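Chains: A, B, C and D, in written order; residue numbering restarts at 1 for each.
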Amino acid sequence: MIVVMRVDATDDHLDQLVHVLHERGLTPHISRGVERTVVGVVGAASGAGAAGGFALELGALLAGLSGVESVLPVTKGYRLASREAQARPTQVRVSTPAGEVCLGGPGVVIMAGPCAVESEAQLLAAARAARAGGATLLRGGAYKPSTSPYSFRGLGEAGLALLAQARAATGLGVVTEVLSVETVAQVSACADLLQVGARNMANAPLLEAVGRSGKPVLLKRGWAATIEEWLQAAEYILATGNGQVVLCERGIRTFEPLTRNTLDINAIPLLKELSHLPVVVDPSQGTGRRSLVGAVTLAGVAAGADGVLLEIHPEPEAALKDGAQSLGLAAYAALMPQVRAVALALGR
Amino acid sequence: MIVVMRVDATDDHLDQLVHVLHERGLTPHISRGVERTVVGVVGAASGAGAAGGFALELGALLAGLSGVESVLPVTKGYRLASREAQARPTQVRVSTPAGEVCLGGPGVVIMAGPCAVESEAQLLAAARAARAGGATLLRGGAYKPSTSPYSFRGLGEAGLALLAQARAATGLGVVTEVLSVETVAQVSACADLLQVGARNMANAPLLEAVGRSGKPVLLKRGWAATIEEWLQAAEYILATGNGQVVLCERGIRTFEPLTRNTLDINAIPLLKELSHLPVVVDPSQGTGRRSLVGAVTLAGVAAGADGVLLEIHPEPEAALKDGAQSLGLAAYAALMPQVRAVALALGR
Amino acid sequence: MIVVMRVDATDDHLDQLVHVLHERGLTPHISRGVERTVVGVVGAASGAGAAGGFALELGALLAGLSGVESVLPVTKGYRLASREAQARPTQVRVSTPAGEVCLGGPGVVIMAGPCAVESEAQLLAAARAARAGGATLLRGGAYKPSTSPYSFRGLGEAGLALLAQARAATGLGVVTEVLSVETVAQVSACADLLQVGARNMANAPLLEAVGRSGKPVLLKRGWAATIEEWLQAAEYILATGNGQVVLCERGIRTFEPLTRNTLDINAIPLLKELSHLPVVVDPSQGTGRRSLVGAVTLAGVAAGADGVLLEIHPEPEAALKDGAQSLGLAAYAALMPQVRAVALALGR
Amino acid sequence: MIVVMRVDATDDHLDQLVHVLHERGLTPHISRGVERTVVGVVGAASGAGAAGGFALELGALLAGLSGVESVLPVTKGYRLASREAQARPTQVRVSTPAGEVCLGGPGVVIMAGPCAVESEAQLLAAARAARAGGATLLRGGAYKPSTSPYSFRGLGEAGLALLAQARAATGLGVVTEVLSVETVAQVSACADLLQVGARNMANAPLLEAVGRSGKPVLLKRGWAATIEEWLQAAEYILATGNGQVVLCERGIRTFEPLTRNTLDINAIPLLKELSHLPVVVDPSQGTGRRSLVGAVTLAGVAAGADGVLLEIHPEPEAALKDGAQSLGLAAYAALMPQVRAVALALGR
């Protein structure tokens, strides 16, 4: 950590800073420049995993001292999720009736299905189409988060039962969202890959509960989370000893009103650089407009995503949830060969 | 709800729309303009509370139909929280040892205390200074949310005990945050006003649990929540039958890097217009810089806030959490007469 | 245009609205719903090009009337740029010594070169590498915008002379930025494609001046411009009678601090839907990090961009401007076959 | 400037960095930590004004070197605008027929008038009401920027003549916007305080032209400009030798759709801390909703603004521009005593 003093900082200011650092067992290295003094703090960045968080708190404290202009963090609030901690890519392995699906390996994994499970007929039609198009995992929400208390919030336990049935019928693994600590066990019994949604990215008790479930976890980025905050959320799961985490970019909130979210395509290669965890992309949430989903799916694969999460529906016009961003089954079937062509062109 | 057709929409597109509406028992009113056709949907906005949420889902569905350019919602996803449902301002009454504190009445309520409860000495010093400056509620976190798993996360149950002790010693009521459904009962036993933090604004299970606790609730705005989403979160609580909700503006995430958040001052009068619920302001979180807290506190009161939530600390330089945005006790004592002067100038 | 009245709007409010509309020669169509009244305004959307802008002003005025809850625009502020005005894609044809380059046709056009022209040696090395990699246009700034008055602002007229020399030497056409009305003639004498930068997207006098120059124009999106504002900026150029406009997505400003901008990949297919103008992508500005440029270039092509604008430099470490986002010549050479592979996979 | 090396940086990476620094006459100070090496760069922050800009470019360059994780700027891109350069507040003095108006002194200056000059009757009615309410400066646009080419763009030269007439009739000084370098002389002949609008905040040629005009300048913040970028824009004017610059906070672009902009109230005390220039606030643009203007005006004054810029109109319902955010004359008259009461309460 580096503390930059103000141009008008006095020796008393500097003494107070040194005192605060010594109290915490840290060693200041003082450099007096032509204009101002800069103090390096040694000790804060080394040692156990906890140092990262400690450094964050300390930085906030030092920034409030008189005479201090700014504090420049050198360490991050995550460690297990970083490339520095593990250079080789993590491969997340999801068990399905048809065998293991590997996220983070050479292949591009397709996860498709309806936004919400609505009925046996709807789910089975979507699941069969998903498999025919090349998907190996079936997405579908039994518990749905909702902005308004008056919106459809999913079929709950009955939805889980339908997912189990579709899983058995098609051999696809199941990806489904868990909304609360109390339902982690119930949802884990059905899901092959547990989804934590954008609204819950910073819900620490839930992150720790899914971590302890032992299941692989798909962690969506929060609406307005920075990439460092997202990696710190992943760190909550990793710190429970569960290393099977997949990051899912699903768009961020910006000022642009014509799209529901702005898919952050930069995040894909950047996460690959900062972290060893697999990265997938959700063009349905990331755009909110069906007509854009195909192009953005191809963009995600071209940018290096390890997988794609797609909302498809046998009758999007009749969907109870997010119909406007769901692909019809024919549109999905037409898109998949293009996905394969782009993946192949890039050697995947 | 109003559906605007594309200029090139065909009669078939219109027929499909009419069909979808009829299936749902809705009546379309078709207006053929010079350039395009616009369809009003009657029925969607009337009726029970659920209509709002229903309308939202329906709107998304219709937006996905062929030939539809856009769908213009006329109803909102909240109703109980709206001025239309209740014209007179809600007064939230918080019981304290020293009597009832009223939020939403003529007075401006001061809530002050440390970000996190750290020790008996720290909390009592802050509580006494808070009361001396005119506060009637003591804020302080026993359970602290944290971006990094390695940061200080509060004293937990021991912190609640210290809050109870400070409450007895000073007569101040207690405002403290609850992070999970499992701890609602425990925290409610100590808190006079239950706080739901920004990270949990969209955590529906938690909103419903605090609603059912029967305690008054302070609901902070999410980092990146629109005002309509925030009112829908309040609606989750109101829909449980608990009408005692206070909204707390604490800044939103923007591109500006020099402040931790951008306090949305516009939100204060706008919420007063859209809703009957009391509105308070948190200049500590809303700025993240101690030197700005005083000016922004005065601005919040001038804009019409019913109260102020302030982080104060006997020794901000030594704070375990958010020291950089905490006022020292002397600075707090100096600010309070200015707050009273502004409130008085505006007839409060 | 549709005017939604408040639930508590009175007949007087409605009469005032009707009066304002009649004064402007417009016909209100009043629909009284169960809860509220909605007024359609006929006439505003039809007629000459000016109607769009007129409707915008009128909407703002009506929104301020007593009893009005909201005004829902049906028309947009652009017309010539819209797909409705012209269904077939515009092909922008840029003359170069080596023949015409077509943007908006089947091929993907590569525009590469240094951020700023620095010297003959630097420019020629970059230009030769650009051509060898498949570029047909050479980018390079002679006049550079700069946030700080103390930063490098380009070689000016001498830079234009170097561009002319590189053009003659390599046969590449020249893309270069113009910063002011006064230099449009001078820059046009050198440029084959005139660039209007992000800072000037909303600079109406400059847009009209480049429109009247008769040269094709590359119009970058403003830092924080919505897609509709951007299309309205294009409309300024189109309204001068110059239809040769290329839109360049170069990232928008968001809360994410790790990248200089967030490239809005959604914008590419969305612009294709809303407009007939060609769309290109600038992954250098759009990311600000050299290590992300390759992946985001491929993503842009996969999303349907008609071209790519790339900053390359023979010695990025020594660049006077934007070295951190410039590709070295070897990295550029390695990227181009991947670009061709993706383009080919998608039938371009 | 401080360069933080990656954990896996090699000695070769460090040698290259040292080489680049030496080439530029800079001295690296290398600190080898437990985990990583940090290099302080001495020389970059000292010396002439140009050093700030130079440091910015250099930082970008160093960030692109192999082995470098991040570069932490210690200097800023502005100097003349900073508190460090001048500790005492600047007082900007505007000449008016009724005497000098001082911005940045003890008083709060009211600038009021219509968004756009529309007619003699409209302007005179607004000007007389402005003066009666306590304004000393009359605002009004003769040249109006416009997002759409089809919107009203002002009366131009005829509008300037009307402003001159209203100035003579009322004794108020004139604040009016200049949109292009070519019209600086013409507008300066009429204006007592030249306004540079949000769209042109980063238009360097215009900033330099208004600087050289010798007139005091009101510089609005760009839609999406950070505070540091805004101060760098002010620096362009100050660097011409014209020190009479007033900063005007007018709201920034955020994700919130219910308000036209989000007024950044934090910016007012923050600018006072970072700079010696006067700061005023524009609640009309900052909210876009007439019903919010009063509360946000009071908030601005309470936060320490040196003045307020208000849109008022004798008949807002009939305004050609921005009627929805203009106060009627009676509402303005009612607001002014509240403004005075808040100012008085805070000792102004």
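Side notes on the structure shown:
Note that in this section a residue touches a chain if its C-beta (ideal position, glycine included) is under 8 Å from a C-beta of that chain, and two chains touch if they have at least 3 such contacts.
Predicted model only: the values in this text are computed from it and were never measured.
Looking at the partners of chain B and chain C together, the chains they share are A, D.
Comparing mean CA positions across the assembly, the chain most remote from chain B is C. For the pair chain B and chain D, the distance between mean C-alpha positions equals 31 Å. Mean C-alpha positions place chain A and chain D at a centre distance of 38 Å.
Mean C-alpha position of chain C lies 26 Å from that of chain D.
Counting partner chains per residue, chain B has residues 224, 253-255, 257 touching two or more of them.
Of all residues in chain D, only 16, 20, 49-54, 56-57, 60-61, 63-65, 77-78, 145-153, 179-182, 199-200, 202-205, 223-224, 229, 232-233, 235-236, 239, 253, 290, 316-326 touch chain C in the complex they form. Of all the residues in chain D, the ones that touch chain B in their complex are 224, 226-228, 252, 254-259, 262-270, 273, 286-287, 289, 291-292, 294-296, 298-304, 338, 341-342, 344-346. Partner chain A is touched in their complex by these residues of chain D: 2, 4, 6-8, 29, 31, 33-36, 38, 40, 42-43, 45-46, 72, 74, 84, 224, 253-255, 257.
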